[in-house]
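Naming follows writing order (A, B, C and D), and every chain is counted from residue 1.
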């Protein structure tokens, strides 16, 4: 295995552990990363809780969500969700689907989730909502078919984040550190917006502030600093 | 002791520790499992906090809540609650009674608890409420007699969950992993519904979504995955 | 030192640690216990955070709050608060003064704190509120004089609990295990009442339920069970 | 290095760890302390999360925010925020800038943050709010220039605390223990005020209570007690 692929798969395990440790993921939810050499392939764990994922659980998939070598392991039922995000968005290198508790109220009500503090600028404008009932009626609520996964990818559009009605959320980013940054901030922003709306009338970031702040935060120094912090907290030591 | 009984009692200890670790149970509350060979018997700890329960604390009871061999230990005052659930519901193999903090507001107000996210589909429709005052007037609030326990079992009916006014909740399931899944989701759903109602007007799962999602989640893959996660978090290692 | 006094002082250290571990106490707040042989004496730590208190920090005081042997250590500025509770209430053997975060909103608003679940029946009816401004005007907010401490003891009256406006709360009980039980339940009840009032219109326990439930819970089996649980969580092992 | 400087830098590391442990700081935010001999110099970590800061990360700066010896390390982008607070306030010896989650709703809405319990008297009256848009329009939200840092220092004025709109807060104090005390209490007060306003109509401390209580708490005994508690919790043992 090439050195950079080896390192990337190590980071995929760490990203699983970080997002479990920070409360974005619990027994369900999953993280994926695109193959660094073959853009039509990506990696994701077999069906296992992110907090328990190891290198041995990782499988390679094509963009239909089919494992290139199943190794006798069962994938997540929603692996295709990641496959169709990678298919729709060549710029995206890492994805996560989760049910972060603070985010869920924004999937249950029609209150739009929007950046209320600078750290969450990367959410962009109001986060779009995908409702499985619109195209598919009553379902088992999973994004477990090509049709549902393509519909879900269209809802994400060109952004970083999408909400799933009465279900959860997905994020997409250009790297695993950027993905962790965005998913954690989405959770924090949801908590803050919830509290701010209980307390009074929230002011949101302006469009200019969102653009300037997101550009700054998606750069090397903030992402390195955040990644070092989160990996240390998840038990992987400092840099 | 037969091998499957030995394993089941090990799982009963683990279920106690899991539900304590996840905050469903604290110093009070209790878990029970039906005897795999003798449907007129079940197992439950002596009067001890679930976080501290070991194999040596487990007692066998009949369906009146009488220990078949007390071993000089004091049972929980509410052991009969479990006895009468097992008597009323042959399909039920595992039960828990708890005071999960997030659930309690739905026992204090008349707001119905209903599934607001897919993970809690197994709660079914609005969860019924048992009010000890209806048949028994002012009491010490415990379900500590045959009459109260039978009344409580009637309130549960054919479902998985019942609320006790100003007191707590009980869950019933076809296995210990299913019981843990349902009790944890009840707690998460209560938190989510509380927050959603503060934030705006909640949308609930449709009846079709509840049925399709509950069927899927009560199957082997999701239950195995959740059980492995919760037992690891409670200190019992991965699978 | 007699054996029972030795054991009681050990329990006083454990009660300090328990109430810190459960979040009733933080860097401030204090616990006291009456001398088992000399009802005109009690024990309390020198000025030190409860989480750090050891046997070597304990001092003996008379009912004016004066140390019988200061050992060169500085007592808490509010030691007299405990002294005057012991003076006013011969039935009381253990006291705590704290700023439990969940309780504080009931000292800031005029919403009465009342039992909303069975575990908090020992709070009794609506908890009385002591306002330092009523008799003493603007102060440093401490109960640090005989006059203030006597006024505070009058507000407690014959009950287990009193609130201090914009400041905190005090509890009194017949033993350290009962004190821990009441202080933890006060905190849980405050959280539950807060949430229930956000969610809808709370139903409270009836007077009959309060009496019957408090009598049952202040008995040996529930108090032993809770004490074993809390001391294990605070690092002192099971019984 | 003189002994007192050596000890002060040790305390700066500990203050970083304490404020991370207590949840005032996460991956972002920073703490600074003035040089004990040279009032035109101060110390602050290189760009690193406070939970991970060690002695080797500390750099010395002048009051323009320029490192006197960069050692090849990258400073925080907002180091100048601290520089200009030290320049504007000769009485201030220690500063922190943070995004404590409980505080943030008061930067998002126009509800003034004010002391609602005695422990937060040192916040003073309603905490002033600095809005970067007033003088600088749309920005990347950072206090990363002399002009912005001077404006931010003017907003702090002669007090201990200032809020930054949709961003965070800064505190200033006469020592590191006082700084930790104030920052933790600001967070607790924000949580309490939020809850109190949800529950009913809050009563605030009077001006007389604020003055008398703050004077008492900023004295040796309370500050020593709190510092010993927080450093023990952050893993630095008792005193």
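In the analysis below, a contact is a pair of C-beta atoms (placed from the backbone, for glycine too) under 8 Å apart; a residue touches a chain by one contact, two chains touch by 3 or more.
Bear in mind that the values here come from a model prediction, so they are computed numbers and not experimental data.
Rotating subunit A by 90 degrees superposes its CA atoms on those of subunit D, with the angle stated to the nearest 5. Chain centres here are Cα averages; for subunit A and subunit B they lie 33 Å apart. In whole angstrom, the spacing between the mean C-alpha positions of subunit A and subunit C is 46.
Looking at subunit C, one finds that residues 198 touch two or more other chains.
Chain contacts here close into one cycle, and each chain has exactly two touching partners.
Residues 116-119, 121, 188, 191-193, 195-196, 198-206, 208-209, 212-213, 215-216, 221-222, 225-226, 228-230, 232-233, 238 of subunit C touch subunit B in their complex. Chain contact summary for the complex, subunit C toward subunit D: residues 26-28, 47-49, 51-52, 74, 77, 99, 101, 104-111, 133, 137-142, 165-168, 194, 197-198.
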